[in-house]
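In order of appearance the chains are A, B and C, and numbering begins at 1 in each one.
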Amino acid sequence: MDLNDLISNLKSLLIDFSDNKNNDLNTNLLNLFSSLNVENVRKDIDSFSEIILLVASLFELKAKSLLPQNEDVDWIDEIQLIKDKDLAFARLLQFKAFSEVGIALASRIRENEMSISAFKYYQTLNLFSKPDIEITIDKKIFQETAEEVFIRYKSIKGFDHIEYDLPDIDEAINSLMSNVDKRLNTSFEELASEVDTSEQAVAIFLALLEAIRWGFVKAEQVNNNELIKIEKNYEE
Amino acid sequence: MKNKKIITATLLVSDGPVQNSYFEELLEIDGNKLFKLFDEINNDLTTLGFGFYLRFDSMKSDLVTVNDIPKYLDSIKPPSVLKGLSTPALETLAIIAYEQPVTKLKVSEIRGVESESSIKTLESRGLVYKSGELDVPGSPILYSTTDDFLEKTGFESLNDLPTIGEYFSSPSEEE
Amino acid sequence: MKNKKIITATLLVSDGPVQNSYFEELLEIDGNKLFKLFDEINNDLTTLGFGFYLRFDSMKSDLVTVNDIPKYLDSIKPPSVLKGLSTPALETLAIIAYEQPVTKLKVSEIRGVESESSIKTLESRGLVYKSGELDVPGSPILYSTTDDFLEKTGFESLNDLPTIGEYFSSPSEEE
């Protein structure tokens, strides 16, 4: 089964079950679950985790429907439970989507930064000041900003926002891309063999994962014994 | 001829894009005439094999380098706005872009983690700004994306952001 | 064709003139060849009636606006739009105001992010200026705020800048 079809099947099943709890769960979940063994599904880690999540939710709902139905069940509680679950699930999907969108936005920014805008500022002084803009400075905002920027600098906690300890994705991807650029075809093993420490190898691996997500390179491993082949992604 | 001269000189020295309305008023021409001039300038630049072109849309224009020679410009190009941004910061950027104007609390709620530091990072990069206050007790600050964000992502307006599925509340439903 | 592309793109984004030796090495051509390319580019720009040309001498080259451009604008009162400064620019301005005279490096260090383009923006708006050079190897440029800055903020003198709590090092402690 095609990966996207599988995910959309699972989603619509989950929505059906949540909408109508008397729905007879005829669908054989085990069949769906077994399709997880399909090779192309396993390759895509993101989709894989989404599938696990969807399937787990389905199993849980199905298990619940198999329990002996007590006449006295408080149906309001029951509906509330399903609503909460829906909400939690929607939140999770929403969050996941935002995280992917963030990467997509960054990818667009990176693409756009390939074009650099002209700004001959030193000529504007002799020529004419940029005609359409007159700068105003709000005294209060100026003071607040001054306070904030110095507090940030002088206090250790204030430095948190700079996130120095997190790896700089852009830098890591840049160095990976320049390596991939140098040779048309390479492999993860080849790139990793050129570093001195295991930390650097891990860094290359993480950069590779990000570069794949951002759509800059394609990586392929035919089976476990083969090298992980890397090449530049020329598709739009 | 004179118009072409003024447009190209202005774009060379301008800090970022210039609004079309500025040229329309300055040169006393309408939008169609302006686009014709833009096209003309671009044709010339392409034909002669120049390394820059006039990028424009319905709102604004700018002179920018062509993007097939970036590696020759490595040593002179300004650092990327993405430099030092982590995945959490990008996530926060996406949430502010879609949910704006939005409070820090709401962003943190969606992400499930405290998001103050990410928002500050984005603010100091000029990608988001404090756009107002929510009219509830405590007057929490509302954040929105800047014009620079649109420029950097190449979207003409926020309406151009792609829709992302049924699970999203549209920006107008915010709070 | 490709050399022309690289030269024009580089000059479009360069901060000031580019040394001829830079192009000679990058493109692996000699001085004569380079001058021929410069001439060619200039011919193109003049023929097209562009508002800028390639000015060069035996050492360096740059794209600069043609001399008669200001004349065209003399009679015109450009519409002016009031605009606030972006957060990056405002942060940079605050640091220069309190730490002046200060180098670009120090500003970047305090902000935690490369600040060159913000300084350029402030300089082009007449809010800061190059006030000297630091007496260390490399002679980095020192920046200070202008009188225009005082006027726009309404401070009578730099001594009027509000004290920023305990975190603030006084200007005399600089470097």
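The rule we apply is simple: contacts are C-beta pairs under 8 Å (C-beta built on N, C-alpha and C of every residue); 3 or more make two chains touch, one makes a residue touch a chain.
Because the structure is predicted, anything quoted here is derived from the model rather than measured.
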If chain centres are mean C-alpha positions, then the most distant from chain A is chain C
Using CA atoms only, can you tell me which chain is the most central one in this structure? B
Distance between the CA centroids of chain A and chain C (whole Å) is 37
Centroid of chain B to centroid of chain C, CA atoms only: how many Å? 21
Quick check on chain C: which residues sit in contact with 2+ other chains? 9, 12-13, 15, 63, 65, 69, 73, 78-79, 87, 91, 111-113, 117, 120-121, 124
Two or more partner chains touched - positions in chain A: 116-121, 123-124, 127, 130-132, 152, 161-162
Flag every residue of chain A that touches chain B in the complex, lowest number first. 90-91, 93-95, 97-99, 101-106, 108-121, 123-124, 127, 130-132, 152, 160-163, 166-171, 181
Could you please specify the touching residues of chain B with respect to chain C in the complex? 1-2, 4-10, 12-13, 15, 22, 25-26, 41, 44, 48-52, 63, 65-66, 69, 72-73, 76-79, 83-84, 123-126, 129, 146, 148
For the chain B and chain A complex, residues of the former touching the latter: 9-19, 22, 26, 52, 55, 62-67, 70-71, 73, 77-78, 80-95, 97-98, 110-112, 116-118, 120-121, 124, 151-154, 164-165, 167-168
Could you list, by residue number, the parts of chain A that touch chain C in their complex? 116-125, 127-139, 141-143, 145-155, 159, 161-162
